[in-house]
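You will see two complexes here that share chain A, one where it goes with chain B and one where it goes with chain C.
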Partner chain A sequence: MSKATTVTKLKKQENLIGYLFASPWLFGLIVLGIFPIFMSLFFSFTNYNMISAPTIVGFKNYEILFTNDDLFWKSLGNTIYHVVIAVPLGIVVGVGLALLLNNKIRGMGVYRTLFYLPNVVSVVAMTLLWLWLFQPNFGLINELFKPLYDLFDMEPLGWYLDQKLSKLTLILMGLWTAGGSMVIYLAAMQDIPVTLYESAEIDGAGWLKKTIYITLPLMTPSIFFNFIMGLIGSFQVFTIAYIMTSGGPSRSTYYYAYYLFDKMMIDKAMGMASAMAWILLVMVLIVTIFALRLNKYVFYLGDES
Partner chain B sequence: MKKLLLFLIALSASIAILGCDGNTEEQEKIQIDFWHMSPVGSESYTGTKDIINAFNDSQDTYFVKGTGYGFWDYWDKIAVAISSRTAPDIGFSTIDDVPIRAEAGVLYNISDLIASDPDGIDIDELYQSQLDFATYEDDLYALPFSATTRVLYYNLDMFEAAGLTEADVPTTWSELETVAKLLDVVEGDEIQQLGFDPTYGNATYHGWLWQTGLDFFDDDLNPTLNTQGHIDVLQWMIDFNSEYSRSQLTAFGDANAMLGINPFAGERVAMIVEVDGLYQIIKNAGATFNYGVTQIPVPDEDGIRVNWGSGFSVEMYDNGKGEDDQKAGAWEFLKYLMSYDVQMELAEVNGWIMAHQGAMETVAEGNPILERLLEEVAYAVDKRYVPYAPSWHGNDWQPYYSQALEGELSAAEALEAARNNYLQKKANWEATHQD
Partner chain C sequence: MTETVLKRPKYRSRKRRRIIVHSVLHIVLVLCSFVFVFPFLWMLFTALKTPAELLKGISVFFPAEPQWQNFVSAVQKIPFFMYLKNSLIIVLSVMTGTIFSATTAAYAFAKLKWKGRDKWFIVMLATMMLPIQVILIPTFVMYSWIGWLGTRLPMIVPAFFGGGAAFYIFLLRQFFKGIPKEMTESAIIDGANHWQIFTKIMLPLSKPAIMTVALFTFMGAWNDYFGPLIFLSNPDHWTLALGLRSFQTQYGGQYNLMMAASILIMLPTLILFFLAQKTFIEGIKFTGIKG
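Moving on to the complex of A and B:
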């Protein structure tokens, strides 16, 4: 046996062992990942009630959604409203918190933990808690605002029960978990070389100037990351509306993912729901591609350009 | 390495040995899978298990393996199992959409089984209105298992406090209004007790509508909703407590919600339209107030005595694998479940009204509330299954209904908007269902 064949054999054996070790993951990727994705693409061209066999209807599902489905546009509008407000607001609050918690004062670890804590609470528990806090008649928030209401002689806000405020209420509630992104911002802040601040101080820069000219520019990679992730996540908003408002009042919090869910679970229209999922994917993809163009404003430390 | 390997082998061997419970008798029998809604830890678990065990003890050929899921879990599980053709041999579902599953060929034809075993199940004991729902192309594809009914609950203590007696319990809409107003208790601006509200509990717009002979859809399932009669019924519901402001009513409703229990059980309303299940809730809560149940008041002129009833069906699933032994076993178990004795036991265990009339009459003997509830089951009608809007009464209707109640839309506007939505859904459904 020549040396070359032995090496080939060994290589093959090594490959085989490699695949063997990777097989659980490969199984997961193919069976639980790729297969359902392609099946949903197939279903999107069918009429499928999940009991009888699917029948092919071509592009009919897509055509109906775009041309003769008022709720499709309504839910899409609600979702875009959510994305446009929730994503920037989340960044502002996250960065703001990180700036506050990037100080060297006693007990900082405790504060950081406290702000991060909401992230370990399950979404369902959190939503139920806020349901009580925002309750217009008995909620703590309206109790706190009572002097203000009296001062301006106004009716207490209806929060999630008022269709004009419901989306905003859910967004405000979502800010409670801004501690998650705050951790990433904090890490980014602490990566900024101290020398930069030192030289700025020598030049007479105060806290504000240091923040605007050093901290924020050098945080842009993490802000950019959170922006993209937030964008993708916000398009899929569902749970809070499902638990807190059931899509109401007057479908004001009936988001795209909620409508998709109802198409499948309530209307038993798996084909239509799959088509909605693919439309969402393409929309998120397009928005993300445009968002990635903002990359040119991102400042990477050590980048030659 | 060798030691680790040996350890792993020993571990898996011991797990395998532990896994065998040594009951070889069970292994020799043909296993029948039965899904129910009494999971481990639920109140009805032990009772359900006893019923299954009693069947197994009486059997030489079959062994029923029961699997319980919580009520809300059950529906997703059974739907997925049916669509993936891994459904249990026998299980429950909703009775109004049996024809959909029958048409898809996932259910065994029960009429055929009855024909070959005529003494197996006494069909005459079951409610005809429920049997109609379980029928597809003149054959039964499921059997009614339980029944639900909606009635008027009234609090006799509150009646007495207002100087009324049981003889004053309303039977018509106008009486309902008069009596309800006598039972309202308001202190300052705050409603302390409400006589009645036609939107509370399990009262529904379609329920009131049916009493006037109207419905959401015509015989061809085209949405109606655009007649003056439809508007009048909705307006009647909206106006019932209109002497109070929206914020007064909301505050009262919110206070009810805070209690976390039914407002009737919490003694906040004097009368309410509710399902038979409220009787169990009041019983389990150990409530001490005196109450009664009666038929829901009907419109003064040409009112129809009808209430929205629903129920579970019991079905035998055909997974297309030619499992004749399982089919025969499931049939044996179905006969057992539908027998007089077992239906009585099931009524006790679950607190449900079972479909077997004779069994329920025995259970209700000496219990005036239960007897009255049973009487109303005879007038219960299930909602129709509308393929293009399966949740026509829920998801599709609720947003318009709440807008009408909140005063954001007039009754006519809300009904028109709802109708347009149904029409759009119908058109879209038809566009994707062309043969």
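Moving on to the complex of A and C:
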């Protein structure tokens, strides 16, 4: 009897100590994470400029955005363009680089380090560097392409100054950091049991067959992870456009998060900005749920055996 | 490629074919490395050029006479050392705060049983997946209510409450779990309380994991642009990332100086990365395995 009460007492004590240790983080999670989510939902139904108290306007913010705001649709279109191209392209390049390195070659570690390098620098510095590389008149890229331009008798490309190419320019710059996901893919590839390859070799499979039937299927979990994270990240693309193009030319790189930023920081229209944030949340949620349905095509090692 | 295929029957041993394949592979890899690394070199060459040399594109590949004073001018054009000081204040505070909140939370997750423990963790992972704006707007408003806008506090205080620390908590939790139970249990028999176990046993034994967290937090806070852009409205508090942006808006055409300034802001993270590559790559792999 007394022993049982001591045990419950100890358990209660551990419960308390557990909460004490977790309390800084838990406090932050509730006050700076969960509570704000509901607060922004409330704001989205109000008119609030941070000077006078919020006034409730019902669904008006959403109504204006959907029916009477060309920039909303324009920025959304730009963002979808970015997501649809940047995410798959990033995966193809990342997996491609990892496949190149997954060949038991000498100096693999050195190549991996070099490919990863762009990921450690500040986004601002990286964007300024590419602003210079893409500079249409005397930047490195157009200089290198000069023979091609001459050959086909064409005008040098304007890159970020050309509204047809500006989004693509930003996406190409983004590929420079593909080494980040490559490290994850490579780690996943190296976790694949050697025995699988050995038995495939006995059956006479070459590199291509081994890649298609063993490597790629077994990498689907990490591809899937990067796909989801890439989707969420790409929907929020902002800084590179803010630095490189200021949303131009002709708003061609004015992305959704950029418009939201302007609503929040320039117009101080917190209600409208919150409505945009919630629309973004719902979009990301829907896309993620659709993406999660792809999960049935993901192989997890050990599932079948 | 076709050439190697055609010639293939001629090679008798597999070993020779392997050598050919690996040579081709190395050529491809060197070309790829070039794409990833050359921009850095071009940045350095640019930083050392005169304005006249800039206009000549690649016909002037290396600067005739390296203009090292470009770095000096870049530093003098903006209040560089004030920005550096501000960056260091924020980076060091964020590192301290994150290590404090992440280690305590990780200890609670790894070594203690408490109600709702696992549910809370899932809640945190779920909030991480949300677009940041949903949380950013209300916190911005909250900071304005308590008069923190225009100060550095919104950049610093959240770190002490686990802001952005989910991944580190996860990493530390795994590490703490690997520390044998016997050590903590014998300490309890000797009359130690959990705080003593945490500070005297766990933290000293977890130095490698804490170093990883410190490294990642440093990189994150040093490179952060979006947070300072939102919260540091007072130019006296601007960090190097914001300073570099203001450099661009003021002296945008002077690419040599802009590249010099960019190199200066990149240098600490590049050096740290080279010194601690292994820790870094292991940490990145960990992120992937989490998913």
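Convention: the second predicted complex is superposed on the first by the 295 of 305 C-alpha atoms of A that agree within 3 Å, B and C clash if a C-alpha of one lies under 4 Å from a C-alpha of the other, contacts with A are read in each partner's own complex, and residues count from 1 in each chain.
Simple rule for what comes next: contacts are C-beta pairs under 8 Å (C-beta built on N, C-alpha and C of every residue); 3 or more make two chains touch, one makes a residue touch a chain.
Owing to the predicted nature of the structure, the values given are computational and were not obtained by experimental measurement.
> Mind checking the superposed model to see whether chain B and chain C fit together on chain A or clash?
In the superposition, chain B runs into chain C.
> Regarding the shared-chain residue A:R251, is it in contact with chain B (first), chain C (second), both, or neither?
A:R251 contacts chain B only, not chain C.
> Just to be sure I read the superposition right, which of the two partners does A:L196 touch: chain B = first, chain C = second, or both, or neither?
neither
> Name the contact category of A:L89: first (chain B only), second (chain C only), both, or neither.
Neither: A:L89 stays clear of chain B and chain C.
> Please work out whether A:N68 is in contact with chain B alone, chain C alone, both, or neither, and reply first, second, both or neither.
In the superposition, A:N68 contacts chain B only.
> Chain A residues in contact: does chain B have more, or chain C?
Partner touching more chain A residues in the overlay: C.
> Is A:D267 contacted by the first partner chain B, the second partner chain C, both or neither?
After superposition on chain A, A:D267 lies in contact with chain B alone.
> Tell me the contact category for A:M50 with respect to chain B and chain C: first, second, both or neither.
Touch partners of A:M50: chain B and chain C.
> Now for A:Q135: first (chain B), second (chain C), both, or neither, which partner does it touch?
Touch partners of A:Q135: chain B and chain C.
> Per the contact definition in the header, classify A:K60: touching chain B only (first), chain C only (second), both, or neither.
After superposition on chain A, A:K60 lies in contact with chain B alone.
> Counting contacts the way the document defines them, which residues of chain A are shared by the two interfaces, the one with chain B and the one with chain C?
Chain A residues touching both partners: 50, 135, 138, 265.
> Give every residue of chain C touching chain A within the complex, in rising order.
Chain C residues touching chain A: 22, 25-26, 28-29, 32-33, 35-37, 39-40, 42-43, 46, 54-58, 100-102, 104-105, 107-109, 112-115, 117, 120, 123-124, 127, 129-142, 144, 158, 160-163, 165, 169, 194, 198, 219, 222-223, 225-226, 229-230, 240-241, 244-245, 248, 255, 258-259, 262-263, 265-266, 269-270, 272-274, 277, 280-281, 284-285, 287-289, 291.
> What part of chain B is in contact with chain A in the complex they form?
76, 79, 82-83, 100-101, 103-104, 106, 250-251, 254-255, 258, 389-391, 394-395, 398-399, 402-403, 406, 408, 421, 424-425, 427-428, 431-433
> Hey, which residues of chain A end up touching chain B in the complex?
Those residues of chain A that touch chain B are 47, 49-52, 57, 60-61, 64, 68-71, 135-138, 163, 247-251, 254, 262, 265-269, 271-272.
> Any idea which chain A residues touch chain C in the complex?
Going by the criterion above, the answer is residues 11, 14-19, 21-22, 24-29, 31-37, 39-40, 43, 48, 50, 97, 100-101, 103, 105, 107, 111-118, 120-125, 128-133, 135, 138-140, 143-144, 176, 179-180, 183-185, 187-188, 221-222, 224-226, 228-229, 232, 235-236, 238-239, 242-243, 257, 260, 264-265, 270, 273-274, 276-278, 280-281, 284, 288.
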